[in-house]
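After this come two complexes, each holding chain A, first together with chain B and then together with chain C.
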Partner chain A sequence: MIRDRLREVSGQVIAVAVALILGAIIILLVGESPVRVLMTLLRGAFGDQEKIAGTLLQTTPILICGIAACIGLRGGMFNVGIEGQLFLGGFAAAWVGFAMPLPPGIHMLAALALAVVAGAAWVAIPAYFRARYNTNEVVSTILSNYVAVLLTSYFTIFLFKRPGGWSETPPILPTAYLPELFSFSRLNWGLVIGLVLALGAALIFRYTSWGYGVTMVGSAPKFAEYGGVNVKRQGFVVLLLSGAVGGLAGGIETLGVHHRFMEGFAPGFGFDGLIAALLANGSPVATIFTALFFGALRSGSLLLEVDTSASREIITVIQALIILSVSAQVLVRRRGDSQAGERRWKF
Partner chain B sequence: MEILDKLVNVALIAATLRTTAPILLVALGGSFTTKAGIFNIGLEGQMLAGAFFAVLGSIWTGSAFAGVACGVAAALVFALVFAVLVVSFRANEVVVGLALNILAGGMTISLMKAIFGTRGSIVGQGIVGLPKVQLPGARAVLGSWAPLISGFTPIVYVAFIAVPLLVLFYNRTRLGLYIRVVGEKPEAAEALGISITRVRYIASLLCGLLAGLAGAHLSLGYITMFTENMSSGRGFMAVAILIFSNGDPLKVLAGCLLFGFADASSLRLQTFGYPSYLVLTVPYVVALTALFALSYRARPKIIAETLASMQRLLSTDRNTGPDGKHPL
Partner chain C sequence: MVSNAGSPTLHMKAEMAVALTGITKRFGAFVANDGIDLAVRRGEIHAIIGENGAGKTTLMNILFGLLQPDEGSIRLNGEETVVTDPAVAIKAGLGMVHQHFKLVPSLSVADNVFLGMEICRHGLIDHAAQIARTRELSKRFGLQVDPTERVGLLSVGIEQRIEILKVLVRGARTIILDEPTAVLTPQESRELFQTLRSFVAEGMTVIFISHHLEEVMEVSDTVTVLRNGKRVATRPTAELSKDELVRMMVGREVSFDRRPRAPSQGDVVLEVKDLWARDDRRLPALRNVSFTVRSGEVVGIAGVAGNGQTELAEVLSGLRPASHGAARLKGRDLATLFPRDIREAGLAHVPGDRMVRGVDRNASIAANMLMGRQHRAPWSSSGVLNWTAISQNASRLIKDFDIRAQGPGDAVKRLSGGNIQKVVLAREFTNGADFLLIDQPTRGVDIGAQEAIHDEIMRQRAAGRAILLISVQLDELAALADRILVMFNGRIMGEVAGDGADEDRIGMMMAGVAAPERAAEPA
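This part shows the complex of A and B:
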């Protein structure tokens, strides 16, 4: 058991190492020194306490989106629409924040609640069609991302633009702010919420029969159906929950960091979260570490743009390479398996 | 009615054909992988890589056609990596496809910064666009309707000619048949001695070829520039079309014309003063609606499946314990 776990972790580590070597080659190709890029990334991510707080600030949305992805992946669903749920959740929270004066505390909770509802509502149609008519959820959720981003931009610029502002809503009232953890950073309670969610999700998957059913549907749907799980209804619920968490990530980003909604307020966090969850093999606790890794990359990349000639998108390249090499190592680890077996990820 | 008159005219139909071409090419490319039984969500990335390297090649060589060749080569590299991971390594196709899309997005932006030192887009810099082909005699025969068949870039003609060619390919050639057998009944293919691996590699590479052409059309066709993520979801729309057309070239054409029309008329609606953000959602909403509506139409099969699973459920009920509970 422990040896299996060790082999699994070492496999992921080797895959990451392979990806980093490939990444170094690409950095050489774009005319920059890999060592300098690495040192800059490390300095940008962990240089001093403000930098570390900055890394954790970037980790928070990746972690929460990662948990959203984990919930889907465990149940055999690819929710690629987390990005869109994040945007709608972010807008919904901002709307409650600036348009609805409420007492402190309650205001924040109401805003987060609406963010959750918005995220779940946004995925509801793809989820319904996936559960009822088996419509491919990968495509429908990806396409709905584009609609979500354009729709929130429309709300922001045409309906709720701050007078004199630049494609942003009015600021939310201070009663809806998520409290900050330290005085020197915008790092806020969102990180704590993320950690609690990760542990909560892990406990649910491990100790409840519902969580066991979800994992069964994800890994052996026929077996689960035979065992009495309502596969269709559960698929719907899983996607809805995943969307709700995605919406929450957006709400936390709005209430904790930006204190308003603006165009392109959290680009790519949804996809980073999905990648973090894939690298963590669908385990919420492991997602904490992979999200931290990607948060550090993101935070370090801000300095990369300043100090080197490489662009910060080079980290996206590295992330993609990591996922590719992780997906390739499935074969290495399962060489003993029959070649006729169906292709799948490792859940 | 007046708006309709302004909307629907020769110019709009010509614009529809123009905007249909890239999505048609990429969807026809995807039809190879769909028919071979591979779910290829990586079309978007192949198209984007094709668009970027087409611009690069066009600047380096000063020739639009050499640019197209570069774009196709880049898309083929992406297709090859996809095939190696999915066919040989049996990795999950959704994961590999998404990762390659992300790779294409990050790589094109990084290279753009490294080579041109700019962010956002490459404009000018000596990009040579594709020439427009004026069919001789078109104006004499068709008069004001001539723009419907004349004056497009060569890639547009390739896209539309590819449709009947693909119909013939799937129905009349050995390779086309092999691809269909591998997709529909892999066991049968294996029994016949067809190499599933080789056929799927060929299908993936053919797909990369057309996706690269589609990308080149985006950046060298009617606008000669490259912008970040300029494929803007066309690859995903193509996948949506492939799902409900099952990769049949004629159905693919019908679906793509629908999207081309949505795309072209959304550009027109913007000029009528509708908010651009809402208008830009039109193609995506059309894609989603078609996807949902056509899967709803496929429900008789699903009802049959539901009946079957209910029968199974009833028969398992009899096998459960005396307390009537399910074993799980």
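This part shows the complex of A and C:
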């Protein structure tokens, strides 16, 4: 048990290390010192309390999107549509925020609730097709992203545009704000919600009958079916929950950070969350740390162009390398399990 | 033992298309092929028959260079050859049609046939020439295809013809077909046999893997029977009868235990009436099956693997719908219940495919033993699992069922096959069900564990459980079952009392010859 766990963790660590080394080589190739880039990244991410808060602010949506991905992965569902659910959730929360005056507190909760509903409703379409016709949810959720992003843009530009220059909705009312944690940063209660969600998801998967069934659907679907778990229904439910959390991530971004919805409002958080979840092997608790890692990369990169000659795009390169090496690592492990590939032929 | 009339002799080697000597292949502790000799004469259709897991496909994969033997040698056309990979085999004139086709759906038939060896003119693919050549071959061997059609639009039967064409285009003179009829309708099978005969008429050689007696009898010149990785016999087909073949396939070393058995007077627990079901290919797999199982009795289902036993187990556990007829568990119609409800109604199921259906190999023993009871006290209350109780229970079962493991936290994949099966049995036999559906309980399990498993099944019988035991091992059925039903081609051919089990009669029925005097139902 412990040995397996160690093997898993060491595999991921090696994958990240390989990616960082390759990243360092690329930094060398563009004529910058990897050590200096690393130090700048570290300083940008953790240099002082404001920078730490900035890192945590970036971490929050990645973490919540990562938990959304973890929920799907547990049940064997690859929700690649978190980005789209995030956009719709973000818009839904903004709409409640500016169009529906309500008492403080209740207003915020109503906005978050609609964000959750919007995320779940958006993934319900691919989830239904998956359960009913066994369509591949990877493809359908990816495609739904484009529709979501463009649909929210349409809402923003043509239906609810704030009078004036920018493509954004009117600001939400202060009654719907998610309270900030510190005076010196926009870091807000969203982080706490994310941490609670991560722990809650881990506990539910480990300690409930439902979580046990879902875990088995993900890891051995034929076994789960045999044991009486309704595989199709649980797949549907899991995707819905995943989408709901994705929507919540958007709502939190709106209510806690931007206080309005605008075009390109949270670029790539959904995908970063998915990568964080994959790097964490689908464990919500481990996702806290991988999300922090990606959050730090993002916020550290802000300083990169100021202090070094490297472009901040270098962190996108590093992220891509991490994706490559993590997936390579998974392939290598699967191959090891299958007796050097001989399982491809039956005997 | 059965004699080996057709064993290879030295002076014959020149006319041998293929000669394997002493082929042994091990996968870990499992011996898939154990010193197999095989000699295939040029110009014959040579069938290799045996049950699932007898080692047929492994042997062919070795011949074709997909696997390397641990021991033994291969002669192709009389020449000693080390078949390091399929390219060597293809060069020596061998061609293999696999069970699972490898075609590109978006390309045309002709493009698929010539994939990797395209006919080119001025550096471009000469489609017209490819189509003409495909058409010519297809006409010559009766392999009806339209070379211009897209493969994605075609049926499996036609896909198989394309695979055969691929092999022909690559110059094969000896063609290996791995269970070619498994995916075909009866009509398509007949057409395939025509094609195989036309190959032989042109002096080519066919090696044909199957576990279906009928087609082997119909099409082959020579039969080699494999069982548990060993060659049992090689004989001219004309000398063999069907039930002789069955006996060689399932084994003769049946030690009938003549324990006297009183007919059970218990209540009817399972009642199956006029049951029909389809297999994955939508062909009828169960035809008009009727029987009952009473509490305190073991009803055995005998038959060569693949005659509807799997589908029967799946229908009874709710994993496959019945197309007609009904099965009732303690009076409740299974068709109206979900798998979970059937379990709640009193089903325990030891699945035949234990690695896929029976366990999650990566999960711990404790987590595996929880399946099916995660919603029940004391394992959970109000939806919250009690891992202490689960883990303690697992420890107790590990001890009671003598499972060789370090503890409940051990991953199932670390256990041996026999111990994994004990994990399944321990879980299923202790969940308080009245009806036990047990499919191949000792397949791939060592002798010691076999005995323990048999004893446990008899204890369950004594405790008043109703047991349906599906097995391809006659000796197992004779030792445990009160009554034995014999299945062939989806039907129940007849019933035999367990203590009067007559091997010849069972063998006849397994081969599809009805025993009219005691047939359970009209055909």
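Everything that follows uses one rule, which is that the second predicted complex is superposed on the first by the 330 of 347 C-alpha atoms of A that agree within 3 Å, B and C clash if a C-alpha of one lies under 4 Å from a C-alpha of the other, contacts with A are read in each partner's own complex, and residues count from 1 in each chain.
We adopt the following convention: a contact is a pair of C-beta atoms (placed from the backbone, for glycine too) under 8 Å apart; a residue touches a chain by one contact, two chains touch by 3 or more.
Keep in mind it's a predicted model, so treat the numbers as computed, not measured.
Once the complexes are laid over each other on chain A, chain B and chain C cannot both fit and instead clash.
Contact with both chain B and chain C is seen for A:213 once the two complexes are overlaid on the shared chain. In the superposition on chain A, contact of A:140 is made with chain B only, not with chain C. Once the two complexes are overlaid on the shared chain, A:271 sits against chain B while remaining clear of chain C.
Applying the stated contact rule after C-alpha superposition, one finds that A:65 touches neither chain B nor chain C.
Contacts of A:16 after superposition on the shared chain: neither chain B nor chain C is touched. Residue contacts after overlaying the shared chain place A:227 against chain B and chain C alike.
Once the two complexes are overlaid on the shared chain, A:327 sits against chain B while remaining clear of chain C.
Judged by the number of chain A residues each one touches, B leads among chain B and chain C. In summary, superposing the two complexes on chain A brings one listed stretch of chain C into steric overlap with chain B, and the stretch in question is 308-316; the others among 308-316, 380-388 or 470-478 show no clashing C-alpha atoms.
With the contact threshold set out at the top, residues 213, 216, 224-229, 345 of chain A are in contact with chain B in one structure and with chain C in the other. Chain A meets chain B in the complex at residues 26, 30-32, 78, 80, 125, 129, 132-136, 138-140, 142-144, 146-147, 150-151, 153-154, 157-158, 213, 216, 224-229, 271, 274-275, 278, 309-311, 313-317, 319-321, 323-324, 327-328, 330-331, 341, 343-345.
Across the complex, chain A meets chain C through its residues 1, 4, 206-210, 212-213, 216, 219-220, 222-230, 339, 342, 345-347.
Taken in their complex, chain B has these residues touching chain A: 39, 41, 81, 85-86, 88-96, 98-100, 102-103, 105-107, 109-114, 119, 232-233, 236-237, 239-240, 243, 275, 277-278, 280-281, 284-285, 287-288, 291-292, 295-296, 298-299, 302, 309, 312, 316, 326-328. Every residue of chain C that touches chain A in the complex is listed here, in rising order: 27-28, 32, 53, 55, 57-58, 61, 66-67, 99, 317, 319, 338-344, 349, 351, 353, 356-364, 367, 370-372, 374-375, 379-380, 383-385, 387, 409-411.
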